[in-house]
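Each of the next two complexes has chain A plus one other chain: chain B in the first, chain C in the second.
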Partner chain A sequence: MSAETSSPQMMGGPAGPVVLGSVERKRKPLVGRFVAGLVYGIPTVVILCPMLLFLVSSFWSIHDGNLNRHFTLENYARFFADVSYWGVYFETLRLAAYVGLFGLFSGYILAYLIWRQQGQLRYLLLLFSVIPLAMNYIVKVFAMRNILGYNGLLNDALIFAGILDKPSKMFVFNQTAVLISMCVIYLPFAILPIFLSLERIPLNLLAASADLGATAGQTFWRVVVPLSLPGSVVGALFVMVLALGDYLTPQMVGGSQGFTFGRAIWSQFGMAFNWPFGAALAVMLLLAIAVILLVARVLSKMGRSS
Partner chain B sequence: MISRERITIGVLWIFAAMVFAMLYGPAALVMVFSFFDHRGSLIDPSTFSVKHYAGLFSDDAILSALSNTVEVAVVSVVVATILAVALAYYMRLDKRRGRGYVEFVIFLPFVLPAIITGISLLTVFGQLGVDRSLFTVAIGHIVIVVGIIYRMVMVRLEALENSQIEASSDLGASHFQTFRLVVAPQLISAMVTGALLAFTISFDETLVTFFLVGDEPTLPLRLWAMMRVGFPPEINALVTVVLIGTMLLAATGASLMRRSIAGKGAA
Partner chain C sequence: MSQASLRLAGVSKRYGAVQVLEPVDLTFEDGEFVTVLGPSGSGKTTILRMIGGFTAPTTGQIFFQGKDVSRLPAFQRPFNTVFQDYALFPHMRVGQNVGYGLRVRGVGKAEVARRVSEVLALVGLADKAARYPHELSGGQRQRVALARAIVCEPKVVLLDEPLAALDAELRRSMQDFLKELQRRIKTTFVFITHDQHEAISMSDRIVVMNHGRVEQVGTPKEIYHRPGSPFVARFFGENNLVPGTVEGRSNGRIAIGSPFGRVEMEDRAALGVGANVTLAVRPEHIRVRPQTGADAGFSVAAEVRSVDFLGATSQIVLALPEAGRTEVRASLPTTECVDFTAGDRVKMAFSLDNLTLLH
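This part shows the complex of A and B:
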């Protein structure tokens, strides 16, 4: 930083407006290169390299508890050969898709209602829909289990209402429990992006629609929805990605039945202790995520251009 | 027609109220439980007390987990803020060709699920022979939050007039002087907001931390361990304290952000 004091201006360089970059380029030699090296080097070394090494490690193997760094496809072969992994893979994709759909549907309704408000109320409602983001994740999982459990509030409420005679075990330790919990935990992530995509609609379009005699319903379906849907779907897709990678919620509320792909990966780094195979499974997850993010990118470009 | 619209909106509000109840209900329930002895969802009103809270402050495992968490959060937020501000200012000075690349890389941990970031860092530490500890956790948290602080700072930097920086350098200020005297004062609110947000994220971070933690747990991991062995009565109290603490932090961040946005509008 200290070498930055030698800018051309101080040495009687050209007066008048100076293009910022040119200053930088003139004193390029050593310090400039060093700084550039740090700027591009740190993110590369700390973030990109680990991710690349993780990709590479999925082609390694474990033999008799020892890591073998020779290239092999056996981890992938094992995944593709075992139908049960496929089952969990698609089951988890479906689960995450449901969580995303729930986020889109409920998030849209909430965001739309908030968007229609004005002034203080609007800000307050928006605040209330993002506060759950700041609630600790583990706490939310814990709270969900409290409610869904055998002695939980849901069972007690259903018994009180006369719908059940005795507590049911159908709300906990299965896929339904995982689905319900994830819907609650990840919904707040959908509300804000949907609200922002509603915010991007120019208000004069709504006025024009009303001037031309459209009813509120017509304006909503023909103007508001088409303009905000791409951005909203992008929000829902991000929720889907979050649900795909979650491995603790299923463990806590899912029991032995609520097995997800995230848990399969996690177990390879825990009890099973086969990191390369775990990495290969994670690469398969990454492939699904890459497709989702690609769709999100195309959609968000569409949303901006329209 | 108008009445039909009213009905539709009314139904939507009822739905929204249900969703809000769903978002806040679980946490509210835990808070209520923390003051009572309870069996299932039945509370005995006569058992109201704060003894579960008192229990927390005599539990060494919880206290040390709390101090671990704060330690990691402070270190990672300070390092990440410095890094993020330096990166953002460097990219802002000139239309850098590498900006797209750097932004792509630092946003990766934000876009990809935590499990991928966790595995990647774990693999590197494993290969380098670095034992898992609070140090590796802090690295993980830096990686996660640097992109968020960068984004916050960059939004503010981009709103800054080029002419201010040019005028400063015309008047003979060095890059560093320009940064210190012209840019930094206008950046403070964005930096503080970003740092607070990052602190909240680091405080709550669980899914990456799980891969990187050694034998000194952070608070969320301690909570997890407590839940695995059963449901000790203190857990509701602990959860309440954590909830209120993180939400206060986030609320401070939100109000600061609102003020900085309002300030920008007025300027």
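This part shows the complex of A and C:
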């Protein structure tokens, strides 16, 4: 109000409040457009453009170390023709699926136990279970390597328990090591969404179920599981996606046997310097992720209507 | 002789240092519609939750048909609850929601289907069995919750402020519907509400609660006309409460000094001389007469403060000049107060039968 009434006198003075009062109404669409530009622009520049660039470059090729920017399908042809890439591709999908399944089951059990606690204990336990999320990823992988190694905690424990006579090398530098490490490292990523999907269940639904004569087990299977499953599966698929793209864990604990598709992509970029082929492999991985996310969508819809 | 089917004996609840419910004794007869009425925080929902088995009483026992059920888990009690926000299972269709209680008890599929459609017809939702709760209106959800609660033929239906979330018009029709339903299925209804109109229009008996204590138990008429405490007198409709002191007693009658002057009443409570009491008289029981006219009943000189036209009735605020500035509200048919304007000196009259003694 005051800015509006004083604006005519102050027209010539230093800008600031003068402009605000009189031009505000005309400016709004401009500001709106600016905000909309930010909202759509930032994701476009930061996410969509790099992905498009990848997609485009996957149709280029390298000849004698020079980048050839003509459209070609040879990268994809090479991928589909080479059985060893297929093998690694599906092997990695299977690995990630196991990690996701482990996250779903163990994460569900842990999240459920935490959810059933009362008061502060509940949030304390939740905090403990997600603290690893705040830790450096490399540190966690190193920790896993130490635990799984020849002189590691796992071997010590198994010998102490009398299960093994001498340390075993079967826990490190192979596919099993990659699986165990990923399961442990990605578990917190599963616990959190599962806990949240449990937390969203109104407590009086449990009371209503008991009131209608359902035992604790019936309430769990007929009310808790159906209502929390969509969110939990989506959490597990999220974990699967994380595991799919991970190339550091396989590199550090997998040795030469623990080869994954992520490492294959990394080697095209970091060692073979064949970026177009690496991009093609990355696009294939992205396709797998897209399919997983679609499955997640369908599953959560089915979960809601069953 | 009717046997009290549900009985609370010395039931109380304490959370840490907070006593939310003082020990109460209540009985609910078979097929009775009992309303537990009180402001929020009065302990009424706690009573319901303890009957339902969702909260364990700190002391006391709950008997059902002579058996102590206080230690039974909720799922083993023959009571069903209609929750305040309905608590319908969002992932189940209306039919599945209603049939849930039967299915978990192992009732056969055909039998479940038959009883579900029966009950849905009873609540007027026969055509909505395949809908999801989120596709229904508030009133329809309410009726699904009711159907779900009565399909197992419980001995007692517990209703936790089930009408609180509905708008006024829907509320009125649901009140009639609930009452009618209760008459048809002849089941004990324990109904929780904070709305005294709802309580008066629906109940066989009302339990009035305040600050974790039972203030009074009685039929709506008893509670309205013979309130047992100042709280009850104030809570039900409008009431004029004035302080009084017992000035003398003889032959089972007491004389009380009050802003109305000295009134004589039957001594029901054996009050001693000098005891402080409260007198209550309802606005609709007060008549206003010209000062000069003769009046058979009890009357006090008064001055008209204001006259408010409310349609068929009008409200007159009277001041009693003999007793400081005490104000009394009278509610009269508008036809009877056309003659009065602010400042008029009048007589306030009422029958002593309508004067209630509270202590």
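General remarks:
We take it that the second predicted complex is superposed on the first by the 254 of 306 C-alpha atoms of A that agree within 3 Å, B and C clash if a C-alpha of one lies under 4 Å from a C-alpha of the other, contacts with A are read in each partner's own complex, and residues count from 1 in each chain.
Criterion: contacts are C-beta pairs under 8 Å (C-beta built on N, C-alpha and C of every residue); 3 or more make two chains touch, one makes a residue touch a chain.
Owing to the predicted nature of the structure, the values given are computational and were not obtained by experimental measurement.
Legend: residue contacts after superposition of the two complexes on their common chain; A:202 is shown touching chain C, with no touch to chain B. With both complexes superposed, B is the one of chain B and chain C in contact with more chain A residues.
Of the two partner chains placed around the shared chain by superposition, chain B and chain C are both touched by A:215.
When the two complexes are overlaid on their common chain A, residue A:271 makes contact with neither chain B nor chain C. By the touch criterion defined above, A:83 reaches neither chain B nor chain C.
In the superposition on chain A, contact of A:161 is made with neither chain B nor chain C.
Using the contact criterion defined above for the overlaid structures, shared-chain residue A:30 touches neither chain B nor chain C, since it reaches no partner. According to the touch criterion, the shared surface of chain A, contacted by chain B in one complex and chain C in the other, consists of residues 215.
Within the complex formed with chain C, the residues of chain A that make contact are 202, 204-205, 207-215, 218, 222-223, 226-227, 303-306. Remark: chain C residues 52-54, 73-76, 79-81, 83, 85, 87-91, 100-101, 104-105, 132, 148, 152 touch chain A in the complex. The part of chain A that touches chain B in the complex is made up of residues 1-2, 4-7, 9-10, 15-18, 20-21, 23-24, 35, 39-40, 42-44, 46-51, 53-54, 57, 106, 109-110, 112-113, 123, 127-140, 142-147, 151-153, 156-157, 184, 187-188, 215-217, 241-242, 244-248, 252, 262, 265-266, 269, 275, 278-279, 282, 285-286, 289, 293. Remark: chain B residues 1, 4-5, 8-9, 12-13, 15-16, 19-20, 22-27, 29-30, 33, 39-42, 83, 86-87, 90, 93-95, 98, 101-102, 105-106, 108-109, 111-117, 119-124, 126-127, 139, 142-143, 146, 162, 165-166, 169-172, 174-177, 200, 203-204, 206-207, 210-211, 220, 223-224, 227, 235, 239, 242-243, 246-247, 249-251, 254, 258 touch chain A in the complex.
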